[in-house]
Each structure stands twice: as C-alpha cells, then as structure tokens.
Amino acid sequence: MAHITLVEAVNLALTRAMADDPEVVVMGEDVGRDGGVFRATIGLLDKFGPQRVIDTPLAENLIAGMAIGMAAEGLRPVCEIQFSGFAYATIDQILNHAGRMRHRTRGRLSCPMVLRTPCGAGIHPPEHHSESPDAMFAHIPGIRVVYPSSPKRAYGLLLAAIRNPDPVVFLEPTRLYRLFKEDVVDNGEALALDTCFTLREGTDITLVTWGAMVHETLQVADELGEQGIVAEVIDLATLKPVDFDTVLASVAKTGRCVVVTEAPRHCSIASEIAATLAEHGLLSLFAPVQRVTAPDAVVPLSRLEHRYLPGKPQILAAVKKALEFA
Amino acid sequence: MTVAATFQIEYLQFLDPNGKVVAPLPAFAKDPVALLPLYRAMVLMRTYDAKAIALQRTGQIGTYASILGKEAVEAGIGAAMAADDVLFCTYRENGVQMMRGVTMQELLLYWGGDERGSDFAGPRRDFPTCITIASQCLHAVGVAYAIKLRRQPRVAVCMLGDGATSKGDFYESLNAAGVWQLPVVFAVTNNQWAISVPRAAQSAARTLAQKAIAAGITGVQVDGNDVIAVHHAMREALARARLGGGPTLIEAVTYRLSDHTTADDASRYRTAEELAEAWKHEPILRLRNYLSASNSWDKAQEEILLRHCNDQVQAAAQAFQDMPAPPPEQMFDHLYATLPAAYAAQRAAILAAAADHGPHHAG
Amino acid sequence: MRIFKLPDLGEGLQEAEIVKWHVKAGDEVALDQPLVSVETAKAIVDIPAPYAGKIVKLYGSEHDVAHVGQPLIAFEGGADSDTGTVVGRVEIGHKVIAEAPAAATPLAHGIKAMPAIRALARRLDIDLAMVTPTGADGLITANDVQRAARILAAIGPQELLRGVRKVMAQSMTLAHAEVASATLMDDADINAWTTGTSVMLRLIRALVAACRAEPSLNAWYDSQAPGRRLLKNVDLGIAVDTPDGLLVPVLRNVEKRAPEELKIALAKLVQDTRDRKVPPEDLRANTITLSNYGSIAGRYASPIVLPPTVAIAGAGRIGKEVVAVDDKPVVHRMLPLSLTFDHRAVTGGEAGRFLAAMMADLQRPD
C-alpha cells in the first residue's frame, strides 16, 4: 500500500505489467534513460533492459506504426506519445490500421497495443501541450479510449488496457499527474473497461465527467451538498465504448444532467452523451442536458489558459440552470 | 578539403533485355532448368492478372491494380522468402502474394470487396494488402523488432513503390531499421510512375536505393525486369538480415506496363511510344528468350504451360464467383475480440434491415 | 460520340460471338446495365455498361463476331471516355439541377413543455392548452400542470358536447366565422288582431309576403364563387327549443300552403321535433329561418344567420307599449321584430323593404 500520485500509479502499473508478462514492451521518446519527460516510465529500463524499454528516434508515426507490427507478432507494446499535440500524427496509424487490423483480416491478425499520452490543459506549457484529443480518437471504430482520473483508476485501467486484446488509446490527465495522492495497492488487479465509476451517489442532479475535470466536479458536488443539493457524480473512464446504461439509470433517477469536459464544444464527447440522453432518456429529463466545455477556439497560450478552461463557476452555473429550468 | 562521407550504389543485371547473359551468373542460376519454376510463376501471375482485369471489365470485381510488367520483381522476391518470413505489400504485389501461398480465389475476394480475402489460409502472419502508401513500412519495422527481440531467424520483407519513397513513413522506417539493425528488407519496385507522376518528378535522388545511405543501411539497385538479378539481390539481403547484418534497401527498376488501376487511363499522361519502348524490356519475354536459347524451353512446353495456367485461373475465378455474398453481420464480426455491449443494438439493426431486404440484397 | 470497345475478356481470346443484344439504339442505359451477351470459347459473358448514357449505335448484329479492342457500342456525347477517377466508379449524371430557395417557415407557436412535463400531463389527463405557463418564455412547469390538475379536480369533470349541442357548437362557429351579419329592428302594431289569432301563422304569412316583396332575402349565398340563388319556394326553418337543444326543422313550400294545412303541419312538426322523429332531410335545406324567441323571453335579438341562407327573422315577446297614435299616447299590443341578414348577399335597403313588408302584413287586422 502506498500513497502515490497518478503518474506514479502509471509507473506502478507499467512495472507490474512488464514483470508479469515478458511480451509487454514500452517504447517512445525519452522513455528509457530519462524515464519519460513526466517520469511515467522511470526505473523500467533498469528493471527490464533496453530491448523491452525502447528509446525510439523522434518519429510519432514510427512509434504508433511499429507498435502495430509488434502487436501482430504477439508482443504487447505500450507506446508513449510524449505530448498531446503530437498524438494527432498517430491518427493515421490508429485509424487506418490499428483499429482495422482485426476486422480487415477477419481476426487472423489483431492489434493488442496501448498508446498512452499525457493530455489536457492547465500546466501552463508552450503551444500544443494542452490538447484534448478525446473526441478525435473516440470517433475511430475498432479501438477503445480510456481516460483515468485518479491514481487508483490509472493503475487499474492501465493494467486492463495492456491486457485487452484490442487497441487502447490511454489518455492521461497531465494536470492531475501530481496534484494529489491516493492509496494504491500493487495487486495486479485490473479495473473493468467499458464501465463508468459512480464517485458520488445523488438524487437531485447527475454530473458526468472524465479526466482532470473530475477533480473540479467533485468539489462542486461537495459545495452543492452543503446547500442541500445531492449530486450524483459519474466518471465515464472509458470514452469509447461509453457505458450509457449507468448514465441513463442515473438521469432516470435525477431528471437533470450536466456533462463536464475540458475539450472544445463542437462534436465533443459531451455532445454524444447529450444526444444519447435525448434519444433514450428524454422522458426522464426535466431540463435540457447542459454541456460545460471549453469554447471552440484554438487553445490559447498560457496567459489566457484560465479563461479558456472550464472550472467550478461554469459547472455551478450549469447546475443552477438545470435545477431552475422547470 | 576533408570528405566526410562518400557512397556508391551497385547496379545488378545478369540478363539484358534480349535475354543475353551479361554478367557471371550466380550459383542458383547456372543451370537454366533451375529457373523454370520462376518462369512458370511469372506466366501464371500474368495469366491471373489478365483475368482479374477481365473480371473488372465485366463487373465481377471492383477496381483492380495490375502487375503487368513487374512479374520478375514478384517472382524473384517471392521465391527467395522463407515460409515463416513476413511479407508487407501494397496493392500491386498479387504476384508475390501468390508465391507466398495466398490463393487466387482469396485475391479475387479482396478485389471483389470482401474482407474474407485477407484471411489467408496459407501465410498466416503476412500482413494484408496495404492501400495507404508506405504505412506498411512502419509495420514491418515493428515485426522486425519483435523477431529480433525473440532472436528468430525470420525476416520482414516490405514491398513498396517509387512514390512511397517520398513519404515520411518510409524515411522513419528506414531510419529506425538502421538504428536498431533490424532484420528487414525494403524492396522498392520502381516502375517509373506514381499514378501520373513520373519518377523524375518524385525525387531529386539519382537512385532510390541511395536513400539507404541516409539511414546508414545497405542499398542496391537491380534491373527489375531481370528475375535473376532480383532473386539474387533478395537472397543476399535475406541472408544478411538472418545473420544479424541488418536491413537492406533494394530498388528494382522496371516499368508499369498497365494503367495505374482499371479506372485509370495512362494515355492521359504518357505516350504510346514510351509504352511500346518499355515492352521491349519486359521480363517474361526476356527470360523465355534466354531459356529457349539455352534449349531449356520450347513451344510445346509453352502451350502446355499456358493451358495449365488458364485452367488454374479459370478454376479460381469460378470458385470466387461461386462464393455467397458476405453476411451483413460481417461488418461487426472481428471489430473487437468481443463486440462491446454498446454496439449490440447497431449490429441487430443491420441484421434486421438485411432480413427486410432479403438475404442477398446487392445494395 | 463515345465509342465503347469490346474489352479484353481474358484467356488470351481475341474475339467473341455476339449472342444477344440487351439494348438498342436510342436506349438510355444506366451504369452497369447489361448491354450484350457474348460467347467466348467456353462461356457466355455479359458486358455491363461502363457508364450511363444514351446508345447511338450498335456495331454488329447477333451471331456476328466481335473483336477485342474494336468498337462495340457508340454512346452519345463526350469527346473522351475519362472516368474521372482512378479508383471505384464515380457515376456521371446529366441532370441539371436548379435549386429553388427554400421558403422561410414562420416560427411555430406551440405549447412549450419538456417531454417529462408532457408525460406528466398525460398521466393526469390535463390538456396542456388549458394550462397557464409560469416558466420563462412561456414554459409550462410541473407546478403549472399540477395546479391545473388540482383546479379541475375541484371543478369536476368536463362534459363533452355530443349530438345536437355539438352540432350547434360547430355550425355556429362556422357561421360566425363567415357571415357578415347586420340587424334591423322594429315593432309591429298588432293591436288590431282579433282574439285567437295564431302568432306563428301570422308570422309565416308575413314572411311569405316579405319574400315576395324582397326575394333577395329568400336566397342561398355561395362565398366561393361568389354567387347567390334566389329561391322560388319558401322553405321555412323554424327554430324549435327541445330538451336536447336547438333544432331547426323545415316547413316546405309555405308560400303554397293554406293556413289550415300550415297550422296542422306546424303543430306536427314541432311535436315530431321534440319527439326526435323528424327525418334528417327535414332538418336541412331551408331557404330562410324564423325564430320566435319571444315565446320565452326577449324583445330584440340578433340571431345567427346559418349559411347558405342569408336571413333570419326573429319575433320578440308581445307586450303592451305606450305608442303615439295621432300625436296622442295610447297603449297598444306590440310585436318586436328583429331581422338579421348576411350583408354579403343582402343590402340594407333590401332588408329594410323586407322588414317593412313584414310589418305591413302583420299590422293588418286579419
């Protein structure tokens, strides 16, 4: 048992997976000698050697593409894309090949790979380091997209992703990497994919969120509690496929829903949830589904980052709107 | 002045366009009879190719990319590979795929628009036809890495075209293969055309083989219409890789005697004269001339071979045409190892719609 | 012209026999439509159309031998046979479209309620049209629905109109929407009437006289054309009050019938009406209407003209009034008269003359 941060939980899961299964290999830029620029892979090179912990040349297409080849041969590659802005370069390989290899060959070849990347805003970095590629990856058929929000869930979901027979894009919330600690037991137990985690139970309103925004959303739920409003908080965790059963059951109970994401509004996963609630949960709703999102603007440089990212005021305003609607 | 580096690229040719021997033959080619399997393979793949075009013209399959003119590249490479080597290829390598054990029926299924054509019964580890240009190079690097990690004597053979050598994926692959000394052979078919863009507009490099130099690996150029040269270069490259000597880039120089695809009309961008001139260098005629001249092949044998190839191709075409249409749920099968519950409703809807329209609705 | 040549059918064959043409010159064919069946050494093969188009000419007849690479069919148009792609088939159509600008539809003024609220209203059997919204922008809230439910529970259930009352509601709505009504009122001095005079018979006689004097008010008006029919016979609709509601049975051809006959017919009609024995054909197609509302109460009225008729005469309560005779006040028995007419078909002058004629007849001693 240890109090560890989210990034340490990632490291713990990688270490665990590599120890348990000799087919697991880790690759990316600076993941070996340097232990990863965020130290997600620290210690792995010493434990498992340079053949399984690979410092690749500077080439994102290569990282994603060779993972596909490795996976076809039965290795379990976990590749790291150093920053979210560089993840887009991998979409060609993930969409055109990783998500299709099993389908294209009728199961003859498959692609059990994991692509991890730190994403989301809030660490005041230079340009391209604050991206939310959630929806772009979630739109791709044949893959899974997973986005943990706590050290425990990072550990359990990463183990699940590595053991999954299909490609998983594992998005890590940079802002939460070291923000808080949690007790994580290194028991090698995976958490379930394709399922939501209900972090708070409530009756008055459903708050659906994922990634770093879980942090603010839980704080909002606590504040609402003090006002006598009991909010149910759901962490989506798997963005593709989404566990809509849990969300729909919650909204059937509360009748009101706010979806919180730090990604831009248009075609966000929040839109997918709102659409599904309209399709399958319409008669439960007392108010329209509220989406709290970033605006459809280019992510500004760090000076304006705090104006761009949604935060507690925006979540509270949406909750108020939903509660007071009718 | 100090010279930091120099390079040279070897060019290999053993038979000239007339089939005359112009360099000492490698051991495997010393006896012409030993070349007969290569010749037969080339004729079979050309027969298949003509049939595929005819099937497209009569609406039996969709767009098809012909291999006319590159039979020596196909046969030379296919014959050199070991069974458990791994092939990566474009859409213009049906010949190599046939030599690897992919059936003509499987190939026609693929061109006919059915994923079952890529579920090869034969070479289970070969990658399927890759449409996106040069992306298969990265996959080959991954497979080669796995092979090396496990210390297996296998080689990844990655085939690509002249146009593909302009892509970032290609350079990234060569670079990685070089830095890690991976057991991979990159075999570039330079057929002079990337759809309508001629070789001269594709790169300022004098040869495509010399792109190997930039990656620190071996590069060699061969006459792609000379099956002996192709086969020889391939055998050397495979041996090098198997012995831990690292990757090789082979540039096989040939000519695309067909249109880019059956939907293309090459007369839009190249002259009939150029095409006619290219036919004079074609690989099957060249080898046949050599074999005839060395009394290893005659008209009677040619007729028997043609009949045999026709029969084989016809049978494969018939088997393809007799295959029932894919069931609609094929769309969702093998999407994941196990279809997530979230998509069960969509799968059911596709099945229900198909039931409404009848089992073999063409739409 | 675009020439489509016999394609290479494989197997090294250079020719094929035309077995059957499936098209002829002048035909419009679609992409992939079978054009011709040809026979090679072993098989009969269908050749599909490589593009959509109009056939201009066929090269060769059935049983002719066609050669690979030689012209097979000529299509209309197109200098070249550019497929316009290198993969798949991009269908070429020749239709020219001209999009008409979409008409702007006005904003719907519907009832605004969330689906959950609509479901609630359905469960409580509340008509949302009856609910006053208190939410922002006219939104009906759950509270609004529940308030309406409480009110209606206190009031009791609604009676749905049926039968005669329902017909009255519907026809009065239509009449009100259509008719341009105007009313003239006056009093007839009936002091000279002998005792025992039947009011209804005198009223009927007066109406007939008025119809003779001013036929415009015994007519049917058609608002569509617009047009009117002046009717020769006077089929008089009599307003009858029954326990079920207002009915208007019709006395046919009153202008032809003797007073004795009318008296009997009228009495029978009223009784039959109250007994609901009047057949449907006798409840319609009247040419003018008479309402003797004065038999219950009321002096003057502006009763409703029911299309296609254009006039309705109303008789009020007979009473003693002080009137001027030879400049001196006297007490006479007076019969108040109201004449409502459809001003689309009847002028004020015509109505006035009609009324005057009625009054003249009513004011005769017998």
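As written, the chains take the letters A, B and C, and residue 1 is the first residue of each chain.
One rule holds in what follows: a residue touches a chain if its C-beta (ideal position, glycine included) is under 8 Å from a C-beta of that chain, and two chains touch if they have at least 3 such contacts.
Remember, predicted model here, so these are calculated numbers, not experimental data.
In terms of Cα centroid distance from the overall Cα mean, chain A ranks first. Each chain's centre was taken as the mean of its CA atoms, and the one lying most distant from chain C is B.
Taking A-B and B-C together, the pair of chains sharing more C-beta contacts is A-B.
Chain centres here are Cα averages; for chain A and chain C they lie 61 Å apart.
The centroid of the Cα atoms in chain A and the matching centroid in chain B are 40 Å apart. Each chain gets a centre from the mean of its Cα atoms; for chain B and chain C, those two points are 74 Å apart.
If you check the complex, the residues on chain B that touch chain A are 86, 115-116, 118-120, 124-125, 127-128, 132, 135, 137-147, 149, 156, 168-169, 172-173, 175-176, 179, 333-337, 340-343.
Listing the residues of chain C that touch chain B in their complex gives 7-12, 32, 45-48, 81-83, 85-89. Interface residues of chain A, counted against chain B in their complex, comprise 25, 51-52, 54, 56-57, 59, 61-62, 64-75, 77, 92-93, 96-97, 101-110, 141-142, 165-166, 194, 241-244. Within the complex formed with chain C, the chain A residues making contact are 255, 282-288, 325-326.
Chain contact summary for the complex, chain B toward chain C: residues 50-51, 53-55, 57-59, 62-63, 195, 260-261, 263-265, 268, 306, 310, 313-314.
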